[in-house]
Amino acid sequence: MSAEAEILSELEAIRLIDPHTHINPYAPASRTLADILGYHYYTELAHSAGLSRDRIEQEGLDPKEKVGRLIPWLHTIENTAQYSWLLEMCQVFFDFDDSRITESNWEALYDASFEKMKSDSWESIVLDISGLDQVYLTNDFDDALTDFDTQRYVPCLRTDDLVFHFEKEETRERLSSATDITVKDAESLHNALGSLFDHFTQNNARACAISLPPDFIPTPVSTRRADSVLHKVAIGIHLDAAERVELRSFVFWALAEQCSERQLPFNLMIGVNRRVYEGGVFQGQDLYDKRVSLIQYRQLFNAFPKVKFPTSVLSETSGQELVSYAWIFPNVIPHGHWWYSNIPVFIEQDCRARLQAVPQTKQIGYYSDMYKLEFALPKFAMYRRILARVLTADFVEDRGWSTERAVELGYRVLRGNVESVFGPPPKQAAPSKTDANALATPADDSPIVSASEDPTTT
Amino acid sequence: MSAEAEILSELEAIRLIDPHTHINPYAPASRTLADILGYHYYTELAHSAGLSRDRIEQEGLDPKEKVGRLIPWLHTIENTAQYSWLLEMCQVFFDFDDSRITESNWEALYDASFEKMKSDSWESIVLDISGLDQVYLTNDFDDALTDFDTQRYVPCLRTDDLVFHFEKEETRERLSSATDITVKDAESLHNALGSLFDHFTQNNARACAISLPPDFIPTPVSTRRADSVLHKVAIGIHLDAAERVELRSFVFWALAEQCSERQLPFNLMIGVNRRVYEGGVFQGQDLYDKRVSLIQYRQLFNAFPKVKFPTSVLSETSGQELVSYAWIFPNVIPHGHWWYSNIPVFIEQDCRARLQAVPQTKQIGYYSDMYKLEFALPKFAMYRRILARVLTADFVEDRGWSTERAVELGYRVLRGNVESVFGPPPKQAAPSKTDANALATPADDSPIVSASEDPTTT
Amino acid sequence: MSAEAEILSELEAIRLIDPHTHINPYAPASRTLADILGYHYYTELAHSAGLSRDRIEQEGLDPKEKVGRLIPWLHTIENTAQYSWLLEMCQVFFDFDDSRITESNWEALYDASFEKMKSDSWESIVLDISGLDQVYLTNDFDDALTDFDTQRYVPCLRTDDLVFHFEKEETRERLSSATDITVKDAESLHNALGSLFDHFTQNNARACAISLPPDFIPTPVSTRRADSVLHKVAIGIHLDAAERVELRSFVFWALAEQCSERQLPFNLMIGVNRRVYEGGVFQGQDLYDKRVSLIQYRQLFNAFPKVKFPTSVLSETSGQELVSYAWIFPNVIPHGHWWYSNIPVFIEQDCRARLQAVPQTKQIGYYSDMYKLEFALPKFAMYRRILARVLTADFVEDRGWSTERAVELGYRVLRGNVESVFGPPPKQAAPSKTDANALATPADDSPIVSASEDPTTT
């Protein structure tokens, strides 16, 4: 067995915590193939290739009919990484044997997968096959967080609406309903946010999260200015552009303060412009402007030295900045490979840069960003193959490391750091074959990024 | 034979349509080695290495003397990709055996090549050896398009002058001569452009094209504003900066409207600054500012959903944006590898990204951008070698594809999509060994990017 | 032996001139391991991983104690390229046998290295083992340049303070002390700078150098404006933002004029923001904004055609611009791989691009940027391994070059061009096994980049 195959095999044995997804904990697994093919990656690519939006977003469309309408377009995207995920899911979960999903074989696939998915234990089967110990969620700020297992499906407080849509009456009403506090000034905003953070942390939330447009520059805003702007919003006076900037900065900053008080990581997902292509399919309308720099977060990173900022960037041209900022700022933690950068060519480049220049204890290799559980498997598989290749080329071949040592490093970024950054799962996962989890930081400091609990140093 | 060699061999057998060149249809092939070495890639690199501009731009310089003055500088650029094209041309077309062109062997090469090039059939020989079925041109808007075979040399309406030099009296006089319309307001401009588009489409034009500076942001301009600005231009009043922006946007938008009406693709070549180095050699003065984003084209892409925009970007830092915008917008089509990005290291990265994330039916692999026919061969050869390597690594090795299937994908991006985007050549090329051309889109939609005519799905 | 191993072996035999370092000529080599581990690359990475700044910047800290405090953090950065340099230094210079420096083995290493370093000949031993013929320095503008061998440690006039801190009284007093000229207008500034340049060139200085922030745009400033601004500075009137821009541009431009008069190369290091992370360790506070373009230097490059500008860029996203500008402008010379771009993944990409598209005579492969002599060895070793790989893949394999020819090219960028750009060392180095140094430019021009002295063409 080659070193790469050996390393890959070890990486494949590591059980996973998926630190960022959009899983609905009340319906985590797919119910039909339409849940899988309805993922925006497929609908938007098929639409880009020529499928009209109306055809798949028709009101009351039957799931099988929807899949039937997508199938003829699949051949146009067979080359894509996204298609390779689809194929791998069908092969692993649904015993699909062919190398292409076509108009001739899709119905059999649909029916066979439907049989499997209707099992009550389908969710457990998927978790088991995928080796998933925990799945982090993306929860609306007013999510009740009831009636699901928050040890398995870990809440995460998503705050885009609070920062970017606070002017909307709907947002403020949702906030008021969730907290029994009506925001009319800085203090009431702090109280309302405090109430949300209480609720979330009491329900095992492990992170606050937000996606940010390329032109966002967080800065502190005085209480006096915030009072004035929040008062205007409360009584329905339209804000001008400068006031809107102040409002957003103030709410954002107040969230960071909450994270600091509660030692909650604040996940930043930097660089998305919403609704760029307004004729696009559901969730297939967003793009970006690569002219963004982490220098825009300079004040934030300096102001909150005790807040961990697991940071994702949308443009591959931000990859080196993320590495450099993580190399200098203790509180900046590279986090996965996001969205348009989540294809092999960009993952490989970023993976190499992070492993070459960011401390191994403060980088999180991957998250799936999935909407349905089945996607963790092929997405992490893609990442593990790239990671195995990079570990082999840059560490075993170039630096003479043993494969065991390379696997230790792989374990760190794939699993160990998820625990050290966000906290371990309630029940410890079965110990891996390697001792990779044994890395510890010295006792004489209080590192912002604490290593695993095992006190043994390697 | 390795998979890569097998794939390359199949790719080398594919006959070509070159969808963007600067060929002069009245003198398509070189007449002396000076036509080849006079290509700005060589003169500018030699100048960069120290050759003074005067030496090669001297009035009335004899071709052989010009070559003789360039030869001593060739060793300084032996490492460049551009030099490797030169060597490959000399080896394939002129039976050159050495691995370097030097002061000792150049005269024999000059004389031998001169003998070959003076043959009446030299043009046909080059087309034949290069496997070229069609060559797209870059025509001035007032080009008569007469006296050449527009089925072989396909016209393309180049519009830089109209958009960026409309204030120049010379441009307006050329427009007036070509159309018999004097532009004095929005309506007359539309009429004049309509007349140009009539002329071009009647002469087999397959695209409108333009190169654009990094700071250009196309936006719609009202007829009222356009009338006012065009009136000022017509009567010779100097425009202020804001008016100039309006003028350019209006003309550009009017071109897009013509493309929409006539279903003509609009080639965008984004990102060049002209005359940055004013002391540079002919055509060797342009550079760029990488701070450009496709977000600047957001309104355009939304406003013209039925216009195909084959898009080239000058900076490699725009490569991922082009992939992402093509993944989301049905009308954005990645188009070749332009100019400063046309070297292996950047082609390889972009080629991988496009094949991993853009539908295979809407990407055009390569064009030569050549001024003389001999250049298609080495430039496409460079691309085919990179394509073969990427297909082997990312598809055969990583995804388990057969070499046949990899070649089908290669055929698509190298040839098939040129036809589906711009239209097929009049006589169908001899069928290739593969069935790659058989990809079709489903009948129940009207995709903006239509696939080939063969209704069989693979 | 594989082609790559053969090429690497030849590259390793080449003696070096290191064209940019921060060596202190009065204490060039390390005295204890604290000098090595105190390099900001280690302190900032350990701090990033959690080590508090106070622990290692404590007043009067004993060197061994300092090392002892860093050691427990080393395991967090074992993955980094920087750690691999450390290990290679310990292995080559201090007979260290282990693959990790740990809490159990560091004291023995400390003591063994201390024994070696206390030898009077340690400096010579390091130079000898490292194959270093010359080491270029970074000197303050008021450096006396006395009492060291300027043939071995070549002075370089660093000018950041003059351009960016001229408003500080301290800077002006230092200038006045160094030159006996009090600057109060444009003319006295020119005189003062002239005096500095006299002093430096009389002491074998080979370059003027400066690091520049991303928003710097050099432009000429009229003498009248400069007189006004310099007068204000002289009498202590605070400048407004526009005046500060003028001041900086004027001083910068005046430096370029001095370089032009004296034919001294002007090293530009483009893109650093200082003190971004104010809580960072010494020298570990600087980052950058990738939104910078070489178009900002358009006027400069045009205005000084006779000044060579060896140019470094901080962001990898500037790598292609540097290649393109060097391809067009005779006076732009890509120079090494700077700081955050000095890790294998970015070096490899930039190395490939430069070798594929910049004349071989005008690119300088590498400099160490070191503070202590021991670092040249592992840093150049890293570069040589990458260079060997690129030469093998892109030239031997892709273009059919012989290994000898590949080594010639490697010699050019590693050593030959340092001499042709900055001037040869006083005593010719022992001839290498290859004839690579034999490249010459033709006699009939005065190239800005003169090739080596050997008149033989290859």
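Going in written order, the chains are labelled A, B and C, and every chain counts its residues from 1.
Criterion: a residue touches a chain if its C-beta (ideal position, glycine included) is under 8 Å from a C-beta of that chain, and two chains touch if they have at least 3 such contacts.
Because the structure is predicted, anything quoted here is derived from the model rather than measured.
If each chain is a node and each touching pair an edge, is that a line, ring, star, complete or other?
Here the contact pattern is complete, since every chain touches every other one.
Does the chain B and chain C pair touch with the same residues on each side or with different residues, judged by whether over half of the numbers are shared?
Different-residue interface.
Averaging over Cα atoms per chain, report the distance between chain B and chain C in Å.
39
Out of chain C, which residues touch more than one other chain, so two or more?
Correct list: 291, 317.
Can you list the chain C residues touching chain A in their complex?
By the definition above, chain C touches chain A via 44-45, 47-52, 55, 69, 72-73, 75-82, 84, 99, 102-103, 273, 276-280, 284-291, 315-317, 340-341, 343-346, 385.
Touching chain C in the complex: which residues of chain A?
So the residues of chain A touching chain C come out as 291, 293-295, 298, 301-302, 305, 317-318, 320-321, 323-330, 349, 352-353, 355-362, 394-395, 398-401, 409, 439, 441-442, 444-451, 457-458.
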